[in-house]
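This structure is in structure tokens; I'll ask about it shortly.
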Amino acid sequence: MGKATKPLKAASKAAPSAAKPALRAIKGGKAVPPKPVAKAAAKPTVALKPAAPVADDVPVIALNLPQGKLSPAMTAYFKKCQDRLGFVPNVLVAYAFDNAKLETFVAMYNDLMLGDSGLSKLEREMIAVAVSSQNRCYYCLTAHGAAVRQYSSNPVLGEHLVMNYRVARLSKRQRAMLDFAVKLTASPWSVEEGDRERLRRAGFSDRDIWDVSAIAGFFNMSNRVASATDMRPNTVYHGQAR
Amino acid sequence: MGKATKPLKAASKAAPSAAKPALRAIKGGKAVPPKPVAKAAAKPTVALKPAAPVADDVPVIALNLPQGKLSPAMTAYFKKCQDRLGFVPNVLVAYAFDNAKLETFVAMYNDLMLGDSGLSKLEREMIAVAVSSQNRCYYCLTAHGAAVRQYSSNPVLGEHLVMNYRVARLSKRQRAMLDFAVKLTASPWSVEEGDRERLRRAGFSDRDIWDVSAIAGFFNMSNRVASATDMRPNTVYHGQAR
Amino acid sequence: MGKATKPLKAASKAAPSAAKPALRAIKGGKAVPPKPVAKAAAKPTVALKPAAPVADDVPVIALNLPQGKLSPAMTAYFKKCQDRLGFVPNVLVAYAFDNAKLETFVAMYNDLMLGDSGLSKLEREMIAVAVSSQNRCYYCLTAHGAAVRQYSSNPVLGEHLVMNYRVARLSKRQRAMLDFAVKLTASPWSVEEGDRERLRRAGFSDRDIWDVSAIAGFFNMSNRVASATDMRPNTVYHGQAR
Amino acid sequence: MGKATKPLKAASKAAPSAAKPALRAIKGGKAVPPKPVAKAAAKPTVALKPAAPVADDVPVIALNLPQGKLSPAMTAYFKKCQDRLGFVPNVLVAYAFDNAKLETFVAMYNDLMLGDSGLSKLEREMIAVAVSSQNRCYYCLTAHGAAVRQYSSNPVLGEHLVMNYRVARLSKRQRAMLDFAVKLTASPWSVEEGDRERLRRAGFSDRDIWDVSAIAGFFNMSNRVASATDMRPNTVYHGQAR
Amino acid sequence: MGKATKPLKAASKAAPSAAKPALRAIKGGKAVPPKPVAKAAAKPTVALKPAAPVADDVPVIALNLPQGKLSPAMTAYFKKCQDRLGFVPNVLVAYAFDNAKLETFVAMYNDLMLGDSGLSKLEREMIAVAVSSQNRCYYCLTAHGAAVRQYSSNPVLGEHLVMNYRVARLSKRQRAMLDFAVKLTASPWSVEEGDRERLRRAGFSDRDIWDVSAIAGFFNMSNRVASATDMRPNTVYHGQAR
Amino acid sequence: MGKATKPLKAASKAAPSAAKPALRAIKGGKAVPPKPVAKAAAKPTVALKPAAPVADDVPVIALNLPQGKLSPAMTAYFKKCQDRLGFVPNVLVAYAFDNAKLETFVAMYNDLMLGDSGLSKLEREMIAVAVSSQNRCYYCLTAHGAAVRQYSSNPVLGEHLVMNYRVARLSKRQRAMLDFAVKLTASPWSVEEGDRERLRRAGFSDRDIWDVSAIAGFFNMSNRVASATDMRPNTVYHGQAR
């Protein structure tokens, strides 16, 4: 869920065609997947104009779960997403089959990613992407990769974190933060006091360590829900903030 | 959080001494850890009576996070735990430094583990333990291992799932369920339509597949929060429902 | 083989029903496995009394190997087990198809685990459990987990080692010992002089290093024999020394 | 995907500032790395205009290797790159410290990626990206991810292959091709006749199997040269064909 | 393969100089290790005659364990080795610091590798090498690689098993046998009834399955004792049966 | 491709029968593989005379690729191999289906392994073998293991590197070199400035680091081409320089 505080004009124009079918998709059952990639001609000519974008997010998930009845709060939240982002992030569309599950997800997400913390919002998104890279989660890499590009105003940083966070030229603080989050993702059983001490030496308080851990944990959950259901990110994310 | 619908008499007697210090511990900062295991004498004589239990859960976590002010709802929830279980599960004690975080955790936990689902409560606890075994999470293996022993009235099943779920003699349905949850834990990137189809063939609906995935995801989160903070389960769990 | 110098009263009462069928099982071929775990009712009521224990160890192994003729020495050894423990450990029952193999196993086991050593018996059992946890061996985790609980008079220590030895609060000596044993288990090719030096710095003599290595090696053997044959521990172990 | 593919011209305008310093960098020794990512303000305002792009590719590699004297053929080749692409790919800049090495690299690359083959050029680039994703190679994912976007006119396909090729909706042929290439990358020792048979059944000739293998092999080489030297892709690639 | 197998006599001539220092080495403490490999001159000339062999097995192990007093049986056994092989295998020299340990090792080894079994002696050695390759054990690969060369009269088979058993052109029976042994080595927790069934379908009896498992288990032990102690094989093995 | 500057008399005598069928094999399609290893009799008698060597390299690869027309340069190169080594290395035979591919392979190989470098030829071969051991590549371990034996005049060193390079008693320089090459092989994404610094501290220049990386990369390519095609080394290699 890549949150942006201002609508992205270009994106919002393209979004309706991408996001609305996504919303419909979970009502109408499985959509026909797009055709597989054609074998390219031997001497391709580089397209001068972009091809019409292929919606990659129909259906949103590979489970047939009709949308449930949303509470007024969730209906308002979806409207707010549409107004501010130009689309409703597909993870919300996916959870919308059950209003109770949607509400617990949104509450935890918003507390962790937007609530008070010693970590900046960019840092929280950086954790999201580094963890999702370890787990190779298409949904989260796309949505939160876009968020890193936006928050940092540094498109290349988003690519670094998607591909291999070790190539990013980070401050010691942020490198320590991502090292911890990735170790916690790859071998949680091996995290010990020495790892916490390394974070403290890099300037993190015990409360900050909780936040790094909880956010890394949250994306270890979301990555698995997304992979288990073949959740597809809104196509619009791919072009954001490049 | 191993829920029991009735108080466990034996456990509740032991619990105050175990749980109360735990609650205090997060107020008073780091407690002195228990002494390391002494080198046993060459010819140990087996104790005829169990030694006084050593509290293993002081402090509850390795971060110094003073308890925050709980909302009336959370205060009531803690009281209910104390009344029905004889103790407050330490994961709640750990989250209690921040009422907002506690509430989102409790809401998601209760929805997933106690709400409506095509999975029985035992099956949900089985997923919790099989995932936690893959991640070698001490807290969750202890608390949810106890829950499996209680719900199943089969203490050995709890041990199977803690140690290696493949040795349990499960129905095809439950084996398929745990195979999916463990694969999703170990290599989420490799879960594909074939894996979902295997669950469908074992009798799971698409909604059930969501629930298996969301519960497996949830414990991949909780395992990491617990490992990152060295969260210690209430000592009383170890002896429950043996 | 969790040796106890005195019978455990509660256990020994339950043992005959558990151990004797096990002894018969290898004569009569494959027993019918117990029924798979039933899908729990939506609102389980916790049993007030424990269910009659389900024997988990019939048959003892998944190979049809009729018991062979035991030598007088081995017959006496089995009787001694029955008298002192209340049962014959199933690993001995499993090897009993061939007296020669049984004798070499018993000789090596007794030398390593009960013979002279700079390591206490508890420490040897700790190695057994930490190695078996790495290999997720149901038989050895159960039998030697019980032995750790007995020798240490600290039931929780047994759980630590079964689940993740890193959570146990160990002396530097014992932590170094288990780090070595687990590394030797997971990646034996990577053990080098630096690893031996770490043991020496923690107070181990060269002879002690041999013993740590030989015991870790022995359980890497036993774990594989047990996993290869689906060897089931005597059900009585599960409740011992909790 | 609103911003998507502009013709290469736009990119080539940006390129000089990106590529030229790269060429200078290897003469002048190590450049000062860009500043680490600043801790974002608590409430970032999304930039309305993209920040001036930060050159991510100075220096091109982390080894101090002054450019060597290029042969006329290589000089012409660099000029051709500049004319047609608007920049010289940094991998060529990296190899330019030694003309002989540059020539062998270019000869092998051009034969494999541009020579006759039963595989389309897009398919060859798809192998490049899937292999590089397994090895998490920043250089190759960036440069060949852009190539997949261009050849396929499908920007999202490039993202799929960078993140997790299993989420791309591929033909059976291309899925078999990438499964083989990724297995060959991850565990080459385990590739056997059954794997070749799977390619044959998917329509590949023995010559095609050679090409899949040789290209997968080539990127296993290039990924390692790039990672070993911290090779940085031309910044211009990131925005191409989005 | 021109130089291939000479009768063991030739080897036994070389052996004394290799084996005797080994026997002394454990009395006299750590020997000086041979000099590291010199940086070869730019244009090495291949030696027309082999260099005097460098003893690679001094000391036999990296632990300082003076030889103990051997029982008459073990003294006779060492003499028999010397008479028949021309040397005492270094694993026996290593265990000779403690006669009791030596005896249990020899008894188990001889029962498994030389006793009655449905597996030929060659097959048992094949298991030894395939397991030791998985564990990258220098001692066992060397000593048992030589045994495979001798028993099979096929020097190349020994190399296959040392390097990657999948390249050997084996019967279905032997391939199934090694697949089982290697899986049991790499992930013992994952061995289940399906694996045993595969062996049965390849013609193995339940007793044979025990033997495959016990031998694979034994070398998982020996590999670790050897790696833990840096055990060096008698130099003479390297040239045997080539 | 184990280069020897002088013919190895014994080998060259045996070579024609081994190498020539290999050259024919790729013309005549798939040869019948040798019979699987016979089950040895219960009591094998060690052969007093070597068995007639079984050619292990027919066909050279498992793909049916008829030899192409060689350029005069490549024809001369093959003749030179035959004259100096007594055989044409099978990797060249394998590439000979396409002269262009053969030429690019030979050019890169000769530049890396025989061209100017701060690494001795022995050191380059040591990298080849250590990398190939990590990848368990039968072809490269055999051919380059022989080269290490020849260049070092130390047959045992070749075995060390094939089996586990950590057991070789190397200089600090060479150990650092192989540690880097093996890490780059096993987890290229994790190689960072600290790893390069370790090489610099061991005396390597930045140019040397390039060479270590490029050679390690090259064998990561060759290992995969060999494994993908079941490439078989010339049988003659096995006995060389023992």
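When the chains are written out, they are named A, B, C, D, E and F in that same order, and each has its own residue count from 1.
Throughout what follows, a residue touches a chain if its C-beta (ideal position, glycine included) is under 8 Å from a C-beta of that chain, and two chains touch if they have at least 3 such contacts.
Bear in mind the structure is a predicted one, so any value in this text is a computation, not a measurement.
Undergrad: If you apply the touch rule, which chains end up adjacent to both chain A and chain E?
TA: Touches both chain A and chain E: B, C, D, F.
Undergrad: Centre to centre, using CA atoms, which chain is the farthest one from chain A?
TA: E
Undergrad: So, what's the distance in Å between the C-alpha centres of chain D and chain A?
TA: 25
Undergrad: How many Å are there between the centre of chain C and the centre of chain D, using C-alpha atoms for each centre?
TA: One centre to the other, that is 53 Å.
Undergrad: Report the inter-centroid distance (CA atoms only) between chain C and chain E in whole Å.
TA: Centres of chain C and chain E (C-alpha means) sit 28 Å apart.
Undergrad: Residues of chain C touching 2+ other chains?
TA: Each of 136-137, 164, 189, 192, 230 in chain C touches at least two other chains.
Undergrad: Go ahead and list every pair of chains that touch.
TA: Every touching chain pair, ordered by label, is A-B, A-C, A-D, A-F, B-C, B-D, B-E, C-E, C-F, D-E, D-F, E-F.
Undergrad: For a test of understanding, state which residues of chain E touch chain C in their complex under the given definition.
TA: 62-65, 97, 100-101, 103-105, 107-108, 111, 115, 135-137, 180, 184-185, 188-189, 191-193, 196, 206-207, 209-210, 212-214, 216-218, 220-225, 227-230
Undergrad: Along chain E, where are the residues that touch chain D in the complex?
TA: Residues 164, 166.
Undergrad: Which chain B residues qualify as touching chain C in the complex?
TA: Residues 4-6, 8, 33-37, 39-48, 50-51, 53-54, 56, 120-123, 126, 133, 136-138, 141-142, 150-157, 159-160, 162-164, 167-171, 173-174, 230, 232, 235, 238-239, 241-242 of chain B touch chain C in their complex.
Undergrad: For the complex, give me every residue of chain A touching chain C.
TA: Chain A reaches chain C through residues 189-190, 192.
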